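Okay, got some structures for you below.
In what follows, chain A forms one complex with chain B and a second complex with chain C.
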Partner chain A sequence: MKRLVQYYDGLIAGLAVLAGSIIASVCLLIVYDVVARNLGMQPPDSTVALTEYAMLYFTMAAAPWLVRERGHIAVEVLQQRCSPATRRWLQRLALVVCLLTSAAVTVLAAVLAFEASRRGELEIRSLAVPRAALFAPLVVGFGLMTTEFARLAWRGEAVTQPDLPQSAL
Partner chain B sequence: MAATGLLVFLLVLLLMVLGIPVAFAFLAANMLGALLIMGGVSGLLQLVDNSTSLITSFTLVAVPMFVLMGALLFHSGLALRVFDTLDALFGRLPARLSYLTVAGGATFSTLTGSTLANTAMLGSLMVPEMSRRGYATHMSVGPIIGTGGLAMLIPPSALGVLLGSLARIDIGALLVAGLLPGILLALMYCSVIAVQAKLDPASAPAYAPEDNVRLTAMRRLALIVTNILPLGLVIFCVVGFIILGIATPSEAAAFGALSVAALAAFNRCLTLTAIRKSLLATVEVTGMVFLLVISSSVFGQLMAFAGSSTVLIDWSTGITALPLVKLLAMFAVLLLLGMFMDQISIMLLTIPVFFPLAASLGYDPVWFGIVVLLAMEMSLSTPPFGLLLFVMQGVAPAGTSFADIAKAAVPYLLCDLGLVALLVMFPGLALFLPGLI
Partner chain C sequence: MLLTVSARARLAIALLSLLWWLPVRAETTLTVVSSWDARQNFTAHFLNYVDAVNAAGKGIVQIDFRGGPEVIPQRQLLYALRRGVIDMAFGGMTYYRGLLPEGDAMFAATITPAVARQNGALAALQPYWAERINAHLIGWMQSGIGPHIYLTEPPRFAANGLPDLSGLKIRTSPTNVELIKALGGRAVQIAVKEVYTAFQRGTVDGLAWPTIGFPDLGIDEFVHYRVDPDVLQLAITLQINLDTWNALSPAARNILTEQAILYEARSRRDLFAITARELEALEQAGFTSVTLPAAAQPRWREFAHELVWQRFAARAPESAARLKPLFYPEGSQ
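Here is the complex of A and B:
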């Protein structure tokens, strides 16, 4: 079990590294495309489409790690002015909403990916890809966010504040 | 159905205020809206289906590129070099540290596009030194709060790109449109400092920085050539490439990031640690912003589908008031929301209503985009909840009250208001440069 958790933690961190690599690659690809175009050389056909898909994959690779790092922004004005007991309830509510919405999107994206795959649908841009490839990252990203929220709930931690005591939730 | 749309709007607002992370507040409210407005489960499937459309758009690429550019400047140490150089060049000028804050802040914010990073850096760098030199709070804290917001206006602005993408207006035009108003605002800030220093010389004691007194003209020139001029390359790669038509704004942003990396490498400060930290910071900031884009992209569609945007616009246009009054009302709403909400959330909430409304009143979308950015800049430093005020409180000298910080911000807020008035009277201030593209 401990090893499984280690692999899982490695996966989340690895996805964050992948997200950073995507950004670096996109930067270089775009620069190469523009230089080639302006020098009269033949630029790659699919730079724009690849970059557009990359933004989706980047976001979903980064999202679970951001849950872990408490990187998703929240308006905390009200919580900061509440009594500790009320704040704990609001934090529980936040966790429940995050958990349920992430799980729902995971299921819905999985249904869309399955249907798109079954029908053999294609997303036609300068690069044609199976439409399922647009929903697959949502399944992975939101699925892992669901797991991360579940872990926060299990450990009794809040979505936005890492320093709550174990009994807080 | 329009009422259901408004219900979704209010639900988003309620969930946000309750402290639900903004992305998930939008998702939860959108799901409820899709269930009620778009026909049950099929509506939910449609919601997820549509959520990928905005994020897979080439214009948004500029956001991570600008963030990466700023992060590289910061983590490689290039930003600090600019400060040191400006510091040396200002010599004996009265209130020199206040001017340095505006000049360095404007340069740094131009190159980072990040208001918070700008304020945090200026605050930690300048406030201790200014306190040591006997500067009054309003001469140290005020310029920092004012300059922090310039990041939104002066291109490259990541927030500007996001605003342009969400409101579907020409990104290149919006970025370039911020240049003249941004420079003008920086000059207005300098005027405030000059007047304050003149009226109360003791608030910014004059002193000659020991190391810089004997700087020869040649040495000054060398400093400019080695540390300031190369940054012109970065600005040229972004703004110049757009104006000359060499690259689109997204492509120019990639060149901007690469040019900073090249500059850092040339200055031998591009380390693996700097690259790793910069990429990680980019993942952190852009990942958060893009999840918001995915989660909220259906919100505007829902409002339009339910007819709520139309109802609000019809209602607003039905009121017998001058377009200027309605513009001021929108400006006030943005300021009000900014007191307890971050800038991206405000944009996501208001764009579906405000931009069509502004168009129906005959305002140019690029011009209106600049006014919106100015309003959000002001909201960051408007008492009592402006985020920059709290950031400053964290770095201000011991004994500085929140009221002192708020008072220090007032002249700079008045400058912002003055710029809004100038933009209303002379729209060409914002629209002249985009007209050249």
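Here is the complex of A and C:
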């Protein structure tokens, strides 16, 4: 079990590193594309398509790690104006909503990925990609976010404030 | 007592079911979304069909044009149709090749929509439309005109009479990549809004573009030649969600189909007229259209059409084999 948890933690961190390297690669690709075009050289064929796919992939790769790091956007102004008791309830409500939403999106994306793959559908742009490859990252990203939110719930931790004492919930 | 209780109940049920029946007989309004916005050439002309149906279908069926990609993203259109988010979808099959490869049958056809209705070609498409996008194909709404090759320098021709694009970089949509490569050129994909800059900086030497809408690109200061004739043809269709279609009254279905038949002929005529008008304006501005020698024209057409049939067969061999004799009779003799 301990070994499994280690692997899981490694996966979450590894995906975050992957997200970072995708972002860096996309930046380099765009710089190269613009430079090449302005020097009258041949820019790569699929910069736009690759960038768009990359945005989906790095978002989904980084999202589970962001849950762990409490890096997702939260409306702190609202929280600060609430009494501690209301805040606790808001935190619980947010956790439940996040957990259910993630689980629902995971299932939906899995259904769509399965359907697209069964029908053999492609996305043909400047490059042809199986349509299932658009949903697969959603399944992984939202699936892992579901387990991360479940982990927070299990430990009784808050969704947004890492410095909130555990007794707050 | 005139009626027993059960008879009264039966009468009540009969009256209620009449009420249930009434709205079914009333006018049905169908939503339609296009692959392009309302000002785009093809969509703008398609609105003639919408008006014709709305005039002929008073009290029976009406079409509500909702817009283009601002309503549903271009690439999601047929998925939205399949799920019934919208009732009808109008658009270029070129965007949906990954979902519905059978659109290539129209793109690489040599027959007209009228012939396609007579010889069963259009009917042969229905099973694919039903299976892949849960839809009924109402009509092959826009056809006839096809892509041209536009160049900055005078075109060169190979020994076999076909255009020679070796050493040239040609901007194209994914639809014509195979054609450009087969003619020796390098296919370059650049967004439409960046085409002007590409010519300005000399990144490209030409482009593949449909006969219509070239003046709108504003690149006539760089591009001075065009290879004629065009090959292949528009595969722009209108389809309706199959469940919606099955629920329509026979009268409504007739109006949609009859108006589509009229419109198919009309749009073909109008698009040819617009093409001729645009070319005339371009030529007055110093543009040159270079026509292939008459002897090479059939080879040119066969070359382009066979390439599309090959890519179609690579993707969906069974449907290509079944549809080719219907849509491209010359290629099967």
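Just so it is clear, the second predicted complex is superposed on the first by the 155 of 169 C-alpha atoms of A that agree within 3 Å, B and C clash if a C-alpha of one lies under 4 Å from a C-alpha of the other, contacts with A are read in each partner's own complex, and residues count from 1 in each chain.
Everything that follows uses one rule, which is that a residue touches a chain if its C-beta (ideal position, glycine included) is under 8 Å from a C-beta of that chain, and two chains touch if they have at least 3 such contacts.
Here the structure is a predicted model, which is why all the values come from computation and not from measurement.
In the superposed model, A:Ala136 lies in contact with neither chain B nor chain C.
In the superposed model, A:Leu144 lies in contact with neither chain B nor chain C. Judged by the touch definition given at the top, the superposed model places A:Asn38 against both chain B and chain C.
In the superposed model, A:Leu152 makes contact with neither chain B nor chain C. In the superposition on chain A, A:Phe58 contacts chain B only, with no contact to chain C. When the two complexes are overlaid, the chain among chain B and chain C that reaches more residues of chain A is B.
Looking at the shared chain after the overlay, A:Leu50 reaches neither chain B nor chain C. Under the contact criterion defined above, the residues of chain A that touch both chain B in one complex and chain C in the other are 38, 48.
Taken together, the chain B residues at the contact with chain A in this complex read 15-25, 27-28, 31, 44-45, 47-49, 51-52, 55-58, 60-61, 64-65, 68, 246-247, 250-251, 254-255, 257-258, 276, 279-280, 282-284, 286-288, 290-294, 340-342, 344-345, 385.
Across the complex, chain A meets chain B through its residues 16, 19-21, 23-24, 26-28, 30-31, 33-34, 38, 48, 51-53, 55-56, 58-59, 62-63, 65-66, 69, 71-79, 90-91, 93-94, 97-98, 100-102, 104-105, 108-109, 111-112, 134-135, 138, 159-160.
Contacts from chain C toward chain A in the complex involve residues 75, 97-99, 132, 169, 174, 186-189, 191, 197-198, 201-203. Contacts from chain A toward chain C in the complex involve residues 37-38, 40, 42-43, 45-46, 48, 119, 121-126, 128, 131.
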